[in-house]
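Heads up, the next two complexes both have subunit A, just with different partners, subunit B and then subunit C.
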Partner chain A sequence: MSGTHRYYAGLDMGSASIKAAVLSGHRLIASEIVASGGKYSDTARKIMGGVLAKAGISEDRLDGMIITGLGAESAPFDAPQVSDISCHAMGCHCLFPSTRTVIDIGGQFTKVARITPQGRIADFLMSEKCATGSGRFLQVIARILQVKLEDIGPLSMTSKHPVEFSTNCAVFAESETVSRIAEGAKAADILAGVHHAMAAKVAMLLKRVKMEPDVVLTGGGGEDEGLALAIGDALSLKILVPDKPRLTAAFGAAYLAREQHFRSHENHSD
Partner chain B sequence: MMTASEQVEKLYVERGKRARELRKKGKKIIGYFCCFVPDEIITAFDMVPYRIQGSQSEPIDQADAYIEPMACPFARSSFNLALKGRYDFLDGFVAPHSCDTIERMYHIWLHNKPSSFNHLINVPHMLGSGSTSFYRSELAYFIKSLEDWSGRKLDPDRLKDAVRLYNRRRALLRELYELRKTDPPQVSGTEITRVLVAGMGIPAEEHIALLERYMKEIKVRPVPKADKLPRIFIWGNEIDDIAFINLVEESGAQVVMDDLCTGTRFFWDDVPETKDPLDGIAARYLNIHCPRSNVPQMETREKDLGNRYGYIGQFVKDWGADGAIFYIVRYCDTCELEGPDLREYLNSMNIPVLMVEDDYSTSTIGQLRTRVQAFLEMLG
Partner chain C sequence: MEAKEQTKTTAVKGTNTARKVRGLVKQIFQSAHEAKAQGKKVAYFMVTSQYDEIVRAMDIVPMPTENFAGLCGAKRDMDRFLLKAEEDGYSQVLCSYTRIGLGFDSLRREMGRIPENSPDGGMPMPDMMLGSSAVCDPRFKWYQAVGRFHHVPTYSIDCVAPSVHADLNEVRDYYIRYQKEQFEGLIAFLEKQMGKKMDRERLWEAIRLSEKAWRLWYEIDRLRVAVPSPMPAQDHFSIMVAGLYYAGTQTAVDFYQELHDEVKDRVEKKMGVIPDEKYRILYGGGLPPWHTLWIFNYFESFGAVFAIENVYRGSDPVEVPSHVKDPVEYLAWRTFLRYTQRYEKAKANSGNPKVEKLLEMIDDYQTDGVVFHACRSCRAMTVGQIHMKNLLGQHTDIPMMQLVSDMVDLRDYSEAQWKAQIAAFIEALAGRQAN
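Entry: the complex of A and B
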């Protein structure tokens, strides 16, 4: 039967990791996440090779592909580009049709978008070139504390007395962290404090974009359970998080590729 | 002979070259900041007005030894060029008190890079008839100091001639902007930026001759099919480099209209030809739409927004804009604080707004790509 199936790919070339997703019809059949490394185009070629092998198809079987992410320009594939905000919007819409607001906490930026019931952007905002609102902030603090990224969430949730940061600047927060360690603050309390600071920043962006529920958290930030909780607390609502939050934009891109294919071939189906 | 487009490109790239040539022939070159300094006055003295620009493609590598890096990067970049000797061809330096940065920049510039003639023009912040007469006397004082420095009296008839000359240029620029109303526009936002910047360092009559030829060239170009791309109105401060507008257009949009210091703000309104030319000049120049100025408050919020931004609403309607981009050079308090009200006004007209803050550097343009793309996808 595989001969009649239609396949679509999404490639998300992020600053920290490159993600790929392959759909058969509207079903996700293969995905891959790899650290971006120093040469995006090499990593992109490798990851596409890997994900297509997982899906058990060759590149020419793809009926559509869309590339997104900060590094989309350097992708070694001839495919249309769509902004990652649109891809996150579509990805969240497919996973949670009730999504009206998307938060994407990535390696470089935090983006928030209000979306339509059809999964299109209604309005969006990005954190300016500022590390406090992005995953980078967590990475920096985790490095100082010598905590593995995947341990940040669970560890922070054991905190009883989160540290309060007096600054909203990641650079100053780094030296503040060092001072707090010197004063004897626990790693868990520092991480919980970082989550609070980030959540406050995100909540401000959400207010400006006129947030509506449901709110979905995607991107690498979504893998940090403690952060999701802190944002939920700041907004007094429950934040939805996909199973593989980092994959959302690649998934959304593949879905948009499918949509595009449908638009240009009216009589076709999956 | 070069085509007009080639000449525009040359003037755009080789900034200051023509002014240097003219100076060798004995002309005095008067450099100035912002849209508040009347070109007419300088021209009536038979001197060449030169709008000071920075450079978005050069790092600010000297100015930070004198001023803090958290000041307006446009002002810092301009001063940086001055420190590197690139404005040594200026015989005069004039700064209006447009914003606090430019006002302080006057003193710093004067102290570190004094010209032969230096003058600060006080510009009132609140608009109204009292302010206009105040500004008129400030301009009379500016004239007096040019007279003292040059040893020549200003001939009022020459000032009237200059008013007519610049109104002619304004009319041509408005005519050029008319060509942006079609789909697609007959002239792109990137091209417009080049033409405007090219004209900021040459005498008005040369810019006029160039514009006339340029427009002829544009009008005989083949007319492309309607492309239905989103049409963008752009608001902000100094865009004296094509980089950002080019990014917007490359991302699949047409930049069709603007309210920028380097765009309509400096040329749109004519100077009325009054019996005493200084009356018309003072009224026109004080009332340019710089967000640093305040108009008297109206009784309701709606009326107030209409009173402040009605002209923008008209631009957006007449040029058929689908969305607005606020492009703000970082640390421009006036623009950043004006942004929210203008956003509210435009949103009430169903015009979505994207606000970007940038470093006045072409190296940051790539980072803005995602934002612009997402905004265009939202409009499309």
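Entry: the complex of A and C
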């Protein structure tokens, strides 16, 4: 690595996983995703060690770092914090400059934001304090069906007759799933039904923030192509998804760290 | 036994006068208990029912049951009452103020005494219960439900407002006549309970005191247009006690005079709530989160101050025509004028009087953003918030946010979610200022 390069890091301490990204200039050069586990602080230190090693730099070479996510307050680093909504917005803006609306489906909440052409928040909403609005809903159903998380999307897309859930509550949906299994419903149809229920909720949030295209799906929910398809169907438009949707906020955080560095060092460049 | 660590719920206030409100609240309960001991009549009572001065003029000691519920929320001593009401079969979607009241009275009946360590000594047994339809339906039905425990006379009055689209010239007389009949019905009921006729001069005196306090409160809020903000929302949520729970008394007038002097002094000296005021926020509506009032200090840690609120002081002072010589007719006129205050303006603009008020506030108080609080169990102040937000969005582009919880039921609150929302909202305010 050249000693003249500038490096920036983003650390996203989510409820389900901790994500880290390192930029050299505006280019992503290293990233890591690790399950959060019980010890946020230890995991954060470990993941930063790993991602810096991948980037081939030491911590003191970083010109900026931003921490985000629900667990940001537990981070063992002295760095500014920015909301994950802003980080997702910036991440999506960098990956897809045409982004005007962002959907982040995370482990705890679903967030939607209408963003400006500069990647800033214009309006945003979070799902209510309810598991149906989060990735947790899918995890619960997948556990009952004994389906791996990564298989949810492909399997659901084979569905011919999606199950219609009579409830919008994750707890009741769990018991309803058991009933449907007993009735002989296929796992694919149950998962597609869950996707439809979640998509309806997301569509409602999007309408409330006065969604504009292009719409990007990010967060862990973005890894579920069946969910992306269901949301697209509910809105009658194509949903864009980053290659590594779970990394978007960490990437956006690193990018915001870069911006922040330039604001305080006007004569610097990458 | 080790003392239980108390969870901090309250906010650091901005004015010295607001810090005296705790004493006023304690006094409400103390006065009611003392009155019972002296054989005076105590009434369960709903504030802002427009009948407040009548109750004062009849020498009845008011026991505002909603205030007790808010107090339980602020003390984080609500679960035992909420759960008791739910155990009795009341749904969790029923107004949590009502559930606390029903739970308290149910527990009292079961235990044969006021539940131990009830906040501020709890509520004494009422001699009568006075409901009203002003604001919402639980305020009308609550005391009818409590009638299962307390076999005391109950009376609920109707408070009515015409449709925004009504021709006020056409409906005015009818509405005022109906409202007056409602008050007269209440007076007849109270006269029977108290065994004496109402002294109309005493009613006039209570009205005069009430109007004086209301005007002072209005003028205090007008002083708050100053930059930096001299008094924050957490103070407003305390000082409303004087205007609403002490309506028609000299106590309210004296309190607001003192607060007025302090706020005026702070404005003259440019004393802000926080040293570096970056953002001014309008509390767009919804009952406050009594369980977590420190959240207003949390906003302040980002340089954001709530400059004004759209709750509790529901209307500006109104001018009742001078030909009205009867105090009951005056109250009927005042009710009509308060309820229809921004109707004509709404007809000419957004179509919604509440939106008109918010637009005035955004303009007058130079606010950078609006925050609403949706309370899951308060339909009256929550239903329509999104509609108002959408309507507002047609007239202003300042950032707006709706926080969701409940006024007292902590089960509807998520600190992590609120902090995440607040962080993003502050960033939206900063982004807008930077552009």
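To be clear about the criterion, the second predicted complex is superposed on the first by the 269 of 270 C-alpha atoms of A that agree within 3 Å, B and C clash if a C-alpha of one lies under 4 Å from a C-alpha of the other, contacts with A are read in each partner's own complex, and residues count from 1 in each chain.
By our rule, contacts are C-beta pairs under 8 Å (C-beta built on N, C-alpha and C of every residue); 3 or more make two chains touch, one makes a residue touch a chain.
These figures come from a predicted structure and were not determined experimentally.
Considered on the superposed subunit A, subunit B and subunit C are sterically incompatible, since they clash.
When the two complexes are overlaid on their common chain A, residue A:200 makes contact with neither subunit B nor subunit C.
By the document's definition of touching, neither partner reaches A:181: not subunit B, not subunit C. In the overlay built on the shared chain, the residue A:122 is in contact with subunit B and with subunit C.
Looking at the shared chain after the overlay, A:140 reaches neither subunit B nor subunit C. Put simply, more of the residues of subunit A are touched by C, taking subunit B and subunit C as the two choices. By the touch criterion defined above, A:85 lies against subunit B and subunit C together after alignment on the C-alpha atoms of chain A.
Once the two complexes are laid over each other on the shared chain, residue contacts for A:157 go to neither subunit B nor subunit C. Put simply, subunit A uses residues 70, 81-86, 113, 120-124, 126, 128-129 to touch subunit B in one complex and subunit C in the other. Subunit A makes touch with subunit C in their complex at residues 70, 81-86, 108-109, 111, 113, 116, 120-126, 128-129, 208, 210.
The touching residues of subunit B, counted against subunit A in their complex, run 352, 357, 364, 366-367, 369-371, 373-375, 377-378.
Contact residues of subunit A toward subunit B in the complex are 70, 73, 81-86, 113, 120-124, 126, 128-129. Those residues of subunit C whose C-beta lies close enough to touch subunit A in the complex are 386, 393, 399-402, 404, 412-414, 416-417, 420-421, 423-425, 427-428, 431.
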